[in-house]
Structure formats: structure tokens, C-alpha cells
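Naming follows writing order (A, B, C, D, E and F), and every chain is counted from residue 1.
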């Protein structure tokens, strides 16, 4: 999968907000007090644990937002796997600037690399299957843009970016509509021609009902929620390629292989964004 | 410890940004298409796992930013411990509004409760000691304000809020200054009278040097970084109450008891903010 | 088609920015100087020309952003057709507030109603066909959100909301990829499972090529660009229901009936957003 | 008339907001998927219809906000007249960047050039008269700054920029004050010495009253609203050079010559900003 | 002179920014720690020195932005003169909220009342003359809107609000144009019909030149810069009512009476905005 | 004391807001109309009065925000003392750009230099004592960041930056807590280990009580409010070095020497930020 950097015009506001949050109303008073203005230095971003990198651009933007004269050189690219001790990037220039920007640069890099790393583990676990790992909308408030990018860096695929770019009919929608059929009718009527419809079903009976409405009530994806693998397999078999199938619920490194073996197309998992521990990366001053 | 709600004027911009991120350019197209405008409903925020709650105000603000007429009633308070199945709060009103705001409300609540829960585990583990658990500046970019609040909800204490509100002299500062003494001299000269100074030391030799400079070169806290418990104990003994002692590095549920047993005053740990998994909380529609 | 109001949290920033633009650095100096502070009044939004209404919420928000105590009552709903002289809404309260908010309220209401009106003309012209009228990304910078809403108010359908919510492969993409096949391959590989792919073709040969790649290289919509109706008809016949068909180029009230008669599913037209004259609506003070 | 570029500090926020609106939460997913990162290209902004150019700076800023390394060269200047096929500007560099910025750059350029073009038609129609064409406050919300600039590009003059920079006494103000005399008295008392006063009159009787109050109740401009040309001529004759005269209402290409022939100084028309169709400009990839 | 409150939509962003500046990343940690959540209180804004009030609305907005349930009652109005001990307003409700908002409310109120007070001193000193006291663009960055309002509260008049709402030709403009005549020609050609032109002259010779260009090269105001009163008197005599006359330079309580006695229309003074000491106002907790 | 420039990422938003405030909706219409686009010039920032400089960076940022090609050269540094006629900095380039940015650059420079100058006067007056001059939170709303910097430029020290970075227990807190002891208990319990506690006392009795609570109820600073010098001296003697002592109230050039002579460590004064007249600095065009 191609991985394209996010445009600065989208990312820079997040980086600047994070810097303002850290610099407060007086800047880095420790560094300003102690480190001579003219001292130059060189530092390396070094992985402390194995993982997958995401967010090098955000680290670069943080450094340059503090001091545009810093020289930043990336030795790895987002999506690369690293081993402990691997150098990801170097930065040279004013020591004050490097120390002032350090924490914000690392906070982005460690957080996003953590997401990429968790994603990659799942992706690698099922690489002999056709299934893809997808994220959800369970992201950290304000950071969805970059967290979805980190999922892509890990080899995952992205689900909806928000409530507005696809229709996902869940149990409460079905209940409010009075059934699957009216829910699908209303959804199709409201949806533009570039909007896909996904239907969540919890039982095979619901799935049967949805399939029985085809092709008159078209949809593109069926979300098989919280089904154990044998039931998932039955569901995939019933769908028979007419729809994309997505499995969700109870996905982790222990379960993902058997889920993928059911033949589903997409396996979505919230934990890769909402519960990924950071990848430990440090900044070593030379 | 008293736990005071953050003022809305600080928190609301974060909530509104998260809503705009999720609503995108067209709002909740699924709900708008399917759920009747006049349908009313009632929903409960229910814990799926045991943990500590933080962020009920953010959930409330998210709901009210979507629809100010929703009736929100909190049954728990931030800082409360909950068991699976416990109802934290209820919301009543337009079903459309509830479904549209649901994910943003939960994203805040689950993320912050996750931090509170991880914090509480450590706090409880050492409650027979005098040590307090403190967070660091290793927070999610843009959310430091509320993550530090979540740490307080968990019973933890807060470290610096940014680079500007206390002086923390680390190894690179010492190196740049040419030693502990000149670093302390410069720091004290620059610091206002309400700014505390903390010095990070990695060895007992460094600690000895810092102590030997007292009281001529005053400081308030010494950060004992990455020292094993026996060494920590020696350090605490050397300090002999003249300074607050903070331990950091390799802090987790396995190690924290022995660290606390060394007599340090503060145990700081980045993982409670940067690597806390969410607390699973769902919204059950009645 | 259901028409759902946009959430205030998305629209209010646009309204407040427009008010600040108009009020400048001193507010409404004419009204402040001349109209007594305690004078109350009543005013009616009245259509001067026939058309379709969109933007009543924005008018209301503008009035309330100036004075939350104004009483606003809508007599029409967005999407309603009006005749000259029809009263759309009334507002009562401080005369100063009404006069100060008047122009911003009208600027939104007239602009969006103009778009709804132009859309409805095309929609009505082809209502015996199955085709829908769709907008494009040719919108006024900063107002896409509300202009797309105005299109919906007119009975039209929405195309992509931005570059990020669907894939639309145009001639330059095909050229860059070295052909339709590699372009489709790359697009499908990068697209999430909820992202539709549309391919623009200018000739029947291109269409044949795309169709020959089915179903191995799936796509959802084909955009038949700038084809005269007879050629469009041939194209629709070739597609034979396997894809949605969209016609674009040279769409206006003179051509739209014959375009719709070709059997295309969607007719997209930029002019309804980028070149719609306003619907003339005035505010009559009682 | 001299035409001066607007400062970037005023315009860039509009351009960045438009880019964020179009790029959404994932950027240009089509181009990112299909166009190679290293592909370079060259493109030309080409007029498809005759008209007057405005907004080249905004197009440039949009391109550079996406990619500061793009080389942009303007071949025309704002205010220039162009024929179909004329090249206005070229851009060279990363093909991805060009395609990603294309629509936002064109949306500004086409919209503003449309306004300049409509303005110029009226300006040219009356160029043998002394009258100037002026815009109003009937502008697209949020874009007044650049729309007023487009009017200047078309050879027009600008009316008030907002409610705060001149006094314009309309019928409702007169009614609220209880007559022209008290309205003028209050206005003059409140107005700073650099604030002009304009009075709207609908009848010759009102005009007579205003003139009879001179010079005791000074004003600078009289707005003759909705008067047919013969009545306008009478009004101009009555004013006899003591005030600037502005005509408004029912101004279009059919009526403007006879209006200008009445000797009025200013002819103001909302349609050049609120109802101008775009000037069709395309971006041709070489 | 009428004094109209500024619309909240203009002022609230300034108030909220000031609160965020003061509350930082954790709010009022002193009050939160010490004052019980349920404690109610009552406080009075009391003048410590004699002066003129401006900014009561900003104080109210600050209090309500912290806690919308606080009851605020103004006993004075902006523009009122107060004596030491006078109560300007009271606030009742949560003691925590009152203490948290206190400083921001006072910072606005004291700053703006200081400006109103300095203005009033000059206004009162010359009240037997026809001259008015005007401010300049020498305002505190970011606060021009409210500082100009404070000048009005003091009985002063407002000069330009910015570089865009009137033309003021200074020495450097004259030099760049190559003389007064070409400067006036260019200015008039560029100015809209609601834009006044003011010309700064430093000598009587310059004034003579400007007057000799009348009425062919019209202007509205002449700024007599840094002229001693006898020279000012000559200048006023030369102008003979054909233009408004403004005096600037070296204006203070010692000089203003003799300046006003020269017959100038406007006396402008930067010190009332850029160098006014605050009016000391305190918040007394009952 | 070292004086470190504030990071641009903190200051630039203030500068850009000030420019937008001054440029309004049309920019510098005088300069645009009169000064040729190609005219180059050179200008010098020249002190008109003796004082201390602060804000050269803000002046530079204002110039560069208008025109990044202007060449700015500082001849003085913030904190330098200047005599009338001294040149602080020069700028060369487009005359239009220089004139357009002039007022905003000067408004920052004069305002901040005024604060630095007032601070320095007090600092110099007591330089033979050990006391330092400190500011307060009585700053101009929105400008605290740069005003605190100006205080440092003048040789002063900074008090709290906001309500969140230290605890300052005042009379109302003591009253709400029911005494000094419970107030201190609550404060210490809530305070992080890097947060200092300061207690305001108005009488020697209160001071005695606070001292009697040591060391069980530790605090770092005692604020001796509104005590005459003899009483201050007694207070300092009672404290006997156990706490930092801060004097506040009625501090000015007449009183500061005798206050410093009492032996207090810090003398805080609001007037240096809230009531400092500007330092008169002009821009002389060569």
C-alpha cells in the first residue's frame, strides 16, 4: 500500500497547538536559563524498542516550528520497521532549539509509532489471509487525522473518517427505523452516489434478512459484529461474495488469525488507536 | 485530594474541535437519514470493565454542544471506582442528537477514564507508603490539560504542566552548562520566586555533588532517574529530608511497591498518560 | 429526500465570522447612533421572487448571535417553494438588533436560497426521469458545507465533500498512471472499504476499456464527461447497469432533459453552486 | 485606478481554510494513490471565456500552501482582460501538489474573476459618463475582503466595508428617529470626523427635506433609491453638486447607461458580488 | 454623545482569550484547593480613585464565561463618573467562580476605565470650546476595539479604526508622491465615495498649498501637526471653515486649553490610549 | 539576568492579530493609493526619550508578516538602555511595506519598552539592595506573555504567569477556609511537588500564626501586603530567612528604596505593567 505524507496545511495546526501547550506563557525556562544561546548540537531519534515508525513529519514540523534553521535528516520512513538502537532521524543546530522542541516531537512520534506498531502486529499475523486490518472512529479526540495516518503506516486500512463520509447502520438505527428494510430504504434515498452503505448485523437471521433484500436494497458492506469465528464463517458463506464482509469485536493477537481464517474481507479493531501503548523512542544528544 | 472540575472555557474548545472532526462537512448522515426527527430516547453510559471514571464533564459538553436540550444526569463523579455494569450517567432527549454525539462523548470518557484507571492502580498499590504517583509531560499532543485532570481523578499528582512553570535540569542541561554547579547557578538566577527547581541525577556521585552545594545553591526537588530500589534507598538516605525526592524510570505495577518502599516522595510515570488503554464504557440505548 | 438541519457546531463559526466581518471594529454605527436602545420592532423575511428556500437556520443564528433575546419564527422550511410576497419568517425584539443583524442574515439566506432555486429548476425539469442532479466541488471557498446543504434543499444530491471522501480518477490521473488499468489498480489498493471509486472517461473507447476490466478491477461510478446525448445513450447502454453513470459538462436548463433521457443515473453540474444568482429576499420592518 | 494586492496576512487565512475544507481528514486520496511522488509537471491556467481576471494571488497562495516549492509565474495581472485560450499563469513542480491544489486555486480565481468581469461590463458600458460603479454589502459571507478587491479589479469602486466605517441612514433609521432631521442630528453627533454620512431617500420630497437642512445638518452623499432615470435626473439637478449622488436599484446592463446619463456620481449594484457567475478558467496540464 | 455597548460577538473572543491566558492549563489551583465548592458569596466592584467607568460589560462577560449562573448587577454605566468608594457593580454566586474570574474582570475594567478617565479629563478641560478630543491608532495591540470604546465612554471621539477606513496622508506619503498635489490626486482617485481624506501638514506653507488646490482637489480634514497654538490659530483662520481642522502633538492637560482656544475642531492625542494609567478598582468580598 | 527571546510560535499569533486589526478589510488604503509599488526606502527606529528597549522581535515580526523581503537589522538588544536619538534598528525594502507595518511595529515596541523602562527605574533605584522587582497578574488582557517578557527586559522578575502555576493564598481564601492553618493544609494537599505556595498576610499577627505553623505546614513565600517599611522590617526579622518575603502595595519610585531597605526579597508592583506610559519611539524614514 502506498503511504503518502499528509499535507502540512492539515498537520501544522496540530503541531503548533502542541507546542503552545508545552511552551505555555514563558517558553522553556530551564533551557533558556542554562544552555548558552550559541551552543550547537546534534541529536538522534533512536528507537528503544522494536516497532514501526509513524510521525517523522510531525517531529520535523515541531522542530522547525521552534527553529526553522535546524537541519533535520530522516534515516527511516514512516512505515519502516525498526529495532532497538536504530536511528530514525538526526537533527542539528541550536542546542536550545533542539531541547525546547524535543518533548513535543517525541510525543507525536512515540504516540503515532505506537499505533503503527500495534497495527503492524495484527497485519503481520494475518498476512497469509486476504483480510485487511482496519481502524474505527474510536480515536483520540482531535488527532483522528494523524492516527488514521499511523494506521496506514502500520499497513492497516482506514474505516470512516467521520460521521459524514459513509453510512453505517447500527442496531439503534435499525430499531429507530423499525427494521432493516426501512433503514436501508431511508439510507439509500439519502445517500449520494459516492457514499457507501454498511449494515451492522449481530445475528445470522439479520444477515439473512439483509441478503434477502438484495439486489433491490443494495448495500456494499456488512459488519458482522461480535460473532465467534464459526458463525463468521457461516456468515461469509451466506454472503457469497455479494458484499464486503467486516468482522468486529474481540479482535486481538490471540483471536485475529482465526477470524481472518473465516474469509472476512476486513477486520476492524478499535484498540489499535484507542489503546496502543507508545513506541519508546528517545532523543540522544551526541 | 480535592478534585475540581476544569472550567468550561478551557475544555469546550477541545470538545467542539472533536465534534467538528467527527461531523465533518455533512454531519451524521446515517442518523439523519434513518432516525425520525421527533424520536425521543434515553441512554445510559455503562462501564464494561472495572475502573475509575474521568471525563464526565467532557461527555456532557459533547452532548450539549450537539443539542443543548438533552437532559444529562451524572450518577457517578470523576474519581469514582466503577464495576462492570455500573451506570455512570444517563441522557434523555432527541434520539438523533444522542446518536450523533455518542462517539465523541465516549472517546473522551473512555480515554480519560483509562488514564484515571491506570493511575489508580499504582496509587492503590502504594497507599501504605507516603509516596505519590505523578504524571509527566509525556501526554497526548493537545490533550495535556484534560489528561492531567484524569491523573488527578485517579488520585495522582501532577508534574510540570509545561516547559514554563518549573525548572527541571536534566543531563543535557548539565552538560551544556559544564556541570551541576553552574547549571544550578544559572537556573536560580533566572527563576522567579514562585518557580521551583528540580535536578535530575543519574548517579549517587551526582547526588552527592548536588547535596554538597546546599544550601548555597538551593533547589527543591531531586529526580533520581532510573535507579534500582537499593540505590534509591541510599539516595533518599543521603538527601535526609533536605529535598523532595522523585523516582522515575521503569515504574510499573511490578516495581512500584519496592520503589515506594525506598522512601521517595514522588514516583513519576509516563505510561499512565502515554500508554493507558481506554476504560471500556458503552452507551446503552434504553 | 429527507432534509436534516446542519448541527449548529458546524454552522455557527461561519455565521460568527460573517458577523465579525460586517461589524468590523465598532459595530453598526448608524443604528447605534439613531435607533433608540429601547425601541422594539417586528420584521418579516419576504420573498421578492419565486424560488426555493435554504438557510433559515443561518438567518436565525445570525439574529441570535447579535441578540439572543430576539424571537424568531419560521413560517417556511428549507426546501419549500415560495412565491413573491411570501413571508418566510418573522423576527421580533430590539429594533437595533434586528437592523444590525439584517444584512448578514440576508446574505446567507439569499445566497443559499439562490443555490436551492437553481438546483430545483433542474430537478423539476427531469423529474420524470430517474436521474438525480448532483453538485460538484466547484463551491465558494469556505462555504462548501452550507452550499452542499442548499443543494440538498433544492432536491439535489451531493457529490464528494472533499478530496478525501471518495476517489475520482480524472484524465490527469490516468496519464500519470500510464493508463486506466494501473490507475484503477492503484486506486483500489489504496482505498478503504467504504471509499467508492469513480472513473472519468471522455470517449467510448475509454469506457470500453474500463468495462473490459470488470469485475477484476471494480469501480462504482463512471463519469461520462462532456459527451453529447447520443453518445451518452450509447455509453449507458454499454454500461448496462453494471456501474452508476454520471454525466457532466454543458448541463443547463436547455440541455438537461435530453441528458436525463439518455438514462444516466446522475447529472452533475457546477453552475448550481458556482454561478447561482441569489434569490431576492428582503426584510420588511412592520 | 491603482490596484494594490491585498496583504497575505489578510488573505492567507481564507486560502488555508479553503484548503482544509477540501482536503478534509485524509488529503487528496485519488492523487496520492495514483500519481507517483516524484512525477513533475507543468500546468497552465487558461481562460475558457472572455473576462477580467482577479485572484491570481489567491491561486498562488493556494498552490504554495500545498507545496512551497512549486514555481508559479503569472502572465497576466489582476484587472487584465483575457480572451478564451489566454494563459493567465503557469505552475511547475510536483504533479501531485498541482493536482491537489487545483480546485481550491480555481475556485478562488473563477469566483473572483467572475465578479471582476461583471463589474467591468458595467464600468465599460458607462465609461463616457463620470459615474463610477460601486459594490454594496451584499457579499458572500466570509469573503467580503476579496470580493471587494475583485470589484476593484473590475474597475469598480467600493462602498462601505462594514457597518462600522460609514453611516448610511436608511428608511428604517429615519422611521426610528422620527424624521430625517433627528436622524441626521443623531448621526452627526455620533460620527467621528473621518466618518462620512450618506442618506437614503426614496422620493423627491425626502430629498427636498434633506437639502433644506443643509448646511446646518451636513451630509456627504445622498442615496437615490429605486428612482427611474427621469426622477434621478431631477434629483441630481436639485442636489446641484452640493452632495455626491448615488443611484441604486434595478441596475443592470440594460439600465445602467440611462442611469449614468442622469449625472449621478455613483451607481451601486449588489448583483456584481451576489449574483456574478464565475469566469470559466481551467488548469491545463502540459 | 450616545454610548452604545459593543456586541458580544465582537468582545467575547477577547474576554475568553484573557481567561485562557490566566487559567492556563489547570485553572485557579489556589481557589480550587481551598474554597469549598458550595460556598456562596457576594462581591462589589468598588472604585478606589475618582474616574470614569468603561468596561462593565467586559467584567460581566468574564464572570459569566467562568460561571453563567453568577448574578451580576451593574449600579453604574460606562461613562459614569465615580468617586472613591462608589460601588460600580455587584456579583453574587459561587465564591469559587467569583475569585477565579476576579483578575480578568478587573484587568479589563481598570484598563478601560483608565482610558475613559484620561479622556474625560481632557474633554472636561475644553468643554467650553467646540473642539472634541479624539484618539489615534496608537492603541494596545489586539485591544483597539475596546480601547476606542473606552475613549467614547470618556466623551472622546474616534479617529480611524484602522488603515482601511479613511485616508490620512502624512509626510512620507507626500514625499513618495512628489508633492501634495499628486498625493491628493492619487488619494482621491483611489478612495471610495464614503472614504474621507485627511492631509497632515507641518507648516503654514504646506497648508497654503493644500488650500490653493481647493476645490479641485477636495479633502475633508487637515491635520495640523505639532504646531504651537499661535500657529494653529493662524492655520484655523486660513482654513476658514472650508475643512475640518485637527491638531495633534504635545497635547496634555497643560496645553489642551490653549490648543482648543485656537478654534480647531478636533484635538487628537495618543496618550489617552497608549499611556493611560489604570483606574484603580477593587473587588470587595462582602 | 539572562534574557531569552520568546519563541515565534508564541508571539506571532499576537503580531498577526494586531496586523489584522489595523489592516481591517482593505489594507493600508493611503499608502496603496499614493506610494509607488516599486519605491524602496530605508527607515530607522529612533528613541525620542531615554528608556529601556523591549519588543524588537515583535517589531521585526510585524514587518516580516507584512513583507518577508524587508531587511531588518537590530542595533540594540532588548534590555538595552537608550538615549533620545539612539537608533534601535533599521529596516530596508519596499516603502509601501514599511509604511503599512509601521504602526503595529511601533505599538508593540513602544508599549513593551515603556514597561521595561518603568521596571528598570525601580530596579536601578534599589540595586544596592538584594531585593528584586517583580510584576503581578495585573497585565493587559491578552498580552501577559509579552508584558512579562518586557518586565524581564527591564531587569525585573516574574510573578505567577497565571492562576495555575503557583498557589497564592489571599485574604478571601483564608476566610473561606476558616483560617490560615486549614488554608495551608488544603493548599499543600492539592499542590503538585513543583508548585510553590505563597501566603498573603496583612498583619504581624497573621505572620506570627503562619510562622508558628512551620515546619509542619510548609510554604515558600510570604506576601507582606500593604505594610509600611517599619512593619515590613519587623516582619522580615520575624521570618528570619525561613521564607522568601515579598512586599506589595504602594510601591513607587518614592517608596521603593525604603521598602527595599527593610530586607524583603521581592518587591512586587502592578503599575509597571498596568500603568506604564509608552516609551516614545519613532520611525524615521531616511
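Rule of thumb we're sticking to: a residue touches a chain if its C-beta (ideal position, glycine included) is under 8 Å from a C-beta of that chain, and two chains touch if they have at least 3 such contacts.
As the structure is a prediction and not an experimental result, all values here were calculated from the model.
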**Report entry** Shared interface partners, meaning chains that touch chain D and chain F
**Finding:** A, B, C, E
Query - Interface sides of chain B and chain F: same vs different residues, half threshold - result: same
**Report entry** Approximate Å spacing (C-alpha centroids) for the pair chain C, chain D
**Finding:** 23
Query raised in the report: From the C-alpha centre of chain B to that of chain C, how far is it in Å?
Result: 44
Report task. Would you kindly tell me how far, in whole Å, the mean C-alpha position of chain E lies from that of chain D? Result -> 32
Query raised in the report: Counting only residues that touch at least 2 other chains, which ones in chain B make the list?
Result: 2, 21, 23-27, 32-33, 100, 144-145, 158, 161-162, 164-165, 168, 186, 189-190, 195
Query raised in the report: If each chain is a dot and touching chains are joined, what shape do you get: line, ring, star, complete or other?
Result: complete
Requested in this report: Could you please specify the touching residues of chain D with respect to chain F in the complex?
Outcome: 2, 4, 6-7, 9-10, 144-145, 148-149, 158, 161-162, 165
Requested in this report: Would you tell me which residues of chain F are touching chain E in their complex?
Outcome: 14-15, 17-18, 21-36, 39, 95, 99-100, 103-104, 106-108, 110-111, 114, 137-145, 161-165, 167-170, 172-173, 175-177, 183, 186-187, 189-191, 195, 271, 274-278, 285
Report task. Could you please specify the touching residues of chain A with respect to chain C in the complex? Result -> 1-2, 132, 134, 157-161, 164-166, 168, 186, 189-190, 192-196, 198, 220-221, 244, 246, 265-266
Report task. Give every residue of chain E touching chain B within the complex, in rising order. Result -> 16, 19-20, 23-27, 32-33, 37, 65-66, 96, 100
Report summary line: chain F residues touching chain C in their complex are 21, 24-25
